[in-house]
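Chain naming follows the written order as A, B, C and D, and within any one chain the residues start at number 1.
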Amino acid sequence: MKTAALVLLLLALVALPPLAEPYMLHVAIVVLMNAVYAEALYVIMRMGYLSFGHAGYIAVGAYTSALLATKLGMSVWLGFLAGGTAAALLAWLLGMVTLKLRGIYFSLSVFAFAEVVNAVFRAFDFFGGPAGIAGVPRPMFFGVRLNTHLGFYYVVLGAAVISLGFLYRLAATRFGFTLLALRTRDTEGLAESVGIDAARYKTLAFVVSCFFCGLMGAIHGHYLRFVSPFVFTFFFSTDLVIFNMAGGLGSFWGPLAGSVLLTALGEQLFAAGYYKSLVYAVVLLVVILALPGGLIQLPRLREAWAARRLRWAKQPVATTER
Amino acid sequence: MTCPHRILTLFAVVALSVVPGLPPSAHAQKPLKMGAIVPVSGPAAAFGLGVQRGMEFAAEDIGVFTVAGEKYKLEVVTYDTVYDPGKTVAAMNRAVYNDGVKYGVIIGAGVHPPILPIIRETGFLDLAFAAAGRQITNGENPTVFRIMASSDQLYQTHLQPIIERLNVKRVATLGPNDELGKNDAKVVRVQVEAMKAKGVQLVAEEYYERGAKDFGPALLRLIAHKPDFIETDGSPTGSIALIAKQARELGFTGYFLNSTAVLEAKAISDIAGKAGDNIIALRIWAKPPTQLYAQLADRHQKKYGEAAPGTMWEAYAATKWVADVIQKTGTFDTKKVADALAQSTYPDHPFGPASWGGEKTYGAKRQIILPIPAAILKDGKWEPFDVRTGKFD
Amino acid sequence: MSAVLEIRGITKQFGGLTALAGVDVTVGEGELVGLVGPNGAGKSTLFNIIAGAIPPTGGQVLLEGRNVTRLASHDRARHGIARTFQQVTLFGELTARDNVLQGLHRHVPSRVLAGLVGTPGYRAEQRELETRAERLLDLLGIGTHRDEVVSEQPLGIQKLVTVAVALATEPTVLLLDEPGAGLSHEESTRMMDLVSTVIRRRCTIVLVEHNMRIVSRYCDRAVVLHFGQKIYDGEPGGLTADQRVVDAYLGVAELA
Amino acid sequence: MEVYLPLLAQGLAIGVLTGILYVLVALGLTLIYGILHIVNFAHGEIYMLGAMAVLYLHVVAGLPLVPTLAVIVVLALLLGLAIERGIFRVLRGQWLQLVVASVGISLVIQSVGWIAFGIQEKSVPSYLPGIVDLFGIRLPRERLLAAGVAVVLVAALYWLVYRTRVGLAMRAIEEDEETARMLGVNANRVASLSVALGFVLAAVAGAFVAPVYSLNPGMGLEPILMSFLIIIVGGLGSITGTVLAGLLVGVIQSVGAILFGSEAAYGLVFVVMIAVLVARPAGLLGRV
């Protein structure tokens, strides 16, 4: 039954767009991109790691692809992959260092990394400095440059289906299952004692998460046809965290629900930036306080409350996560 | 709710939420929507606020007008870009493809590159409030007009005369490290080099993070070069006031020049106090140049209880000018309106008679040509600082 | 009976404090050895060194003749050393069966690609692992709790799950850190009965225990540590007769 | 450009003064993290509210400075108690939810700030205008005042944490909560007090830094980024660490700017942060 519904949805996503208005295609593109970013971040949030710097990896992907396309005239499709690989490589290098840290230390170190990335892109003319890089071309498809919304929509849809499919199945693999064993310092000790090389698994998870951020970041850059240090900012990272938390960390569907609903809603609040951040913040607080499991826990709200009350009784005031 | 239903509800919610806005209520006349695609939050919010209010005043004054036999009323719709290129693309997509907006004011050279393709594809008539960015007003973008004096224009006409009048020898620049700051610095460098014979030289060039509050580090290095004139490019009110205050604290006694800011004398003197004196601001009128200018200033003070941001007048004028041209040409086709607009002049612009120019510099007649004032701040009040201005075409 | 676990001259210094001073212990296959000593005698330190959680200052740990002293704890686990912790440590948010599965996965190639695609072979292997996990839980008498989240279970059940998780890695040597601690009398007896019968058949066991009655009743051999030195290594029965053990540790009344 | 002594001296003086301002702003963050291990992302917004309170009470309403400060301290206490009781306590023990909730609080206060306080840049006239000239080094009086307040508050915090029963209770909770609870320490009250005091420190910092810079609802972002930098470099939860790191960052920025230009100095500061994180994850004086 579940696969039938999925196939139905996919068919709709492929067949309906030609009838849709360009604006709806724009919203669909943004929704699909945010869904992949949110699910990519979910890979490490499911592991108990909170990152306020994923926008940095998205920016690395976007800049890599943009530079290859504008400076070397490389095929844009290769640029997408290069964007993902560059972000993954950087994640591997930095992961070995930052993943030794846990809790807020990790979050702030990734945040610092994103600030340095933006500072570098702004400082050096090679990266276009503060003006960024304009004229980033759309991909060619059998001789046609996909400049229309419809054309590029299918590029984003294809990338999203592959990415979300991979990330969904990843949770079902033993690799995905093992990541659950690394949530806190104690369970990591236990994991080591049953033969799990925690450092390697964490780094791999971080690399996978950043690969898809870089890949979709590259596509994002080509959608805007422009990359600049002012697009993938600190607030971009917090939005992704909000999608995850609002949707719920309990399952793969949480971040998907969170990102789709909040992005679609955000597109309506165009009149003022602070309306959108107010709505995001209120939704986030209501969910964190009243729906412990996030929006997808809605049907099983009573259980979620019971579990929290039980957990709450034993919890210390000073959180133990160092 | 098992999993498949959850997916279907997700899809339904998405489809619902992108349903185009409510159909316009059918009152007497149809609305002509004009977009204010400007930052209304974030560090550059004051720029956007002025444009939004200026356009609304213009809509009130224009009232009902007829185009090809139909009655219309101007409706201003605001799209907040937060001065972020990504959000500006979202705003343009919403305005152009969903709300059917064909005309609008867009702030920021930095946010233009990603939307220029959309403007070229749809023929959106963009009244650009962007001092920098040669790639905005040129032959490739026929429907883009710059409705404020550009950096090139300001510096080509004013920098050398000001330097001569103040007998300045050592010029330094301090601007935000974004598109605006870097572009202005380039233009200033060219102008100062042109005065090498008169012993004028560029002694230092520094940048700060837009929205930063502490300029100590940048100023220290600058003042070490003993400048007697600091050009602060497009620094907004908050920044120029703090730069003046902190520079005076570090012993700088020379002049400041600011070119594209939204400066209110009161706001600067509140922050900088006496340190604000000797700030020379281009595009700021010490005395209202026209009756209309003064009326708009009072009207804003009455309605909002605060001084009008400096972008209000130019936005007001551009909106009325375009509405007049649409009425005269009797069509909404932006290509035709653009051509007619380029040939037209606008005598009752609040700054004074205005026309279009800039073929030599930009290769297209899309740069507004209007009187450019200069003023100097003395004890919290602007005083005229008239200099013989150079030519710009 | 070949030596399964050899500890040769293990010393450990924490700054000035000498926790272990040249300890030698050899454990034969299938033996149930009790590691005994007052608090602070170095029992847990030795345990952590054998499991690879902390490196020794000197000496060697040999597993089935192979020197594993330098191996990280996750490599040692693959070579057959499993352990439980003094404070009960479990994957709190997972069910009992999933906890055991985490242990079982170590002896099966992760085969990510097959997992991603979800090939029939992979699914069959996964089902087989799940049944093995359930059988392991049944073995320890807690099969009925397999779908319950472990953090919500009483201590007794949790302790049994920790043993199940350790057993899941099919160890040659199982290190049990005070299995009876914190349990009621019947629960600790049931635990020790399990250890000395069911679990013992699967692997060699070294257990840390400071309750002499348990060591005497269940262990084949007792090794007593006192201030980081081995002062006794032999029949548990002989413990009370050995003067040094009595002076260092017991106080006659307690033993009677 | 010849770098000669007076310039370096001036740079050092400005660096130290700016560093002390950073310490003043980061103090509240350090207290809350030090006791409850919560990094309060809304710290910058409480700082902003403190500054806005001075604007509307002292400048607009004309209330003299001291009563204004009293009102600010009371309001900050109440806000701190309300947020601890209403939000932080419900999420006790879940550090991830707590951090993200504080991001939510920060966005709410900032958005409401934009709506309530309007968009135009505002300012508070200086309490002590003018500068002091010390052997050729020019020091603005208002920054000296803010630095003075910072020194007083740091001393008060030391006294509170290390010399009073309340401080003892706080350290007990931080060290080993279970035992502290058994000894009769009311963990909830300590938590409320810690958050409330943290908010007071943030608001007072806002009140004294307000005249130095200009005001707008988004003014909280930059100080919070700098405060994160400082408590990480200094060692999360260590007051001494925060003071040292604050001074270090202030000096690096100003002297760095003289030598390499201000843009490079800004980047340099973040590089130092990552270096410290890698070398000593706990920061200079923190304990992991």
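Assorted remarks:
The rule we apply is simple: contacts are C-beta pairs under 8 Å (C-beta built on N, C-alpha and C of every residue); 3 or more make two chains touch, one makes a residue touch a chain.
A quick note: this is a predicted structure, and the numbers were derived from the prediction, not measured.
Common neighbours of chain A and chain D, by the contact definition above: B. Chain centres were defined as the mean of their Cα atoms; on that basis the chain farthest from chain A turns out to be C. Of all the chains shown, the one with its CA centroid nearest the global CA centroid is A. The interface with the greater count of contacting C-beta pairs, when B-D is set against A-B, is A-B.
Taking each chain's centre as the mean of its C-alpha atoms, chain A lies 35 Å from chain B. Between the CA-based centres of chain B and chain C the separation comes to 73 Å, rounded to the whole angstrom. The mean-CA centres of chain C and chain D are about 49 angstrom from one another, to the nearest whole unit. Counting partner chains per residue, chain A shows two or more touched chains at residues 122-123, 272, 274, 311.
Each of residues 114, 221, 263, 266 in chain D touches at least two other chains. Residue positions of chain B touching 2 or more other chains: 40-42, 177. Pairs of chains meeting the touch criterion are A-B, A-C, A-D, B-D.
Across the complex, chain C meets chain A through its residues 51, 53, 72-75, 77-78, 82-83, 85, 89-94, 98, 101-103, 105-106, 108, 110-112, 115-118, 151-152, 165-166, 168-169. Looking at the complex, you find that chain B touches chain A at residues 1-8, 10-11, 13-14, 17-18, 20, 39-42, 78-80, 82-87, 89-91, 93-94, 97-98, 110, 113-114, 116-117, 121, 135, 177-179, 181-183. In the complex of the two chains, the chain D residues touching chain B come out as 1, 3, 7, 10-11, 14-15, 18, 114, 118-123, 125-126, 129, 131, 138, 140, 212-214, 216, 218-219, 221-222, 253-254, 256-258, 261-263, 265-266. Note for the complex: chain A touches chain C at residues 166, 169-170, 172-178, 180-181, 183, 186-187, 189-198, 307, 310-311. Chain A makes touch with chain D in their complex at residues 45, 48, 50, 97-98, 100-101, 103-105, 107-109, 111-113, 115-116, 119-120, 122-123, 234, 238, 241-242, 245, 272, 274-275, 277-278, 280-282, 284-285, 288-289, 311-312, 314-322.
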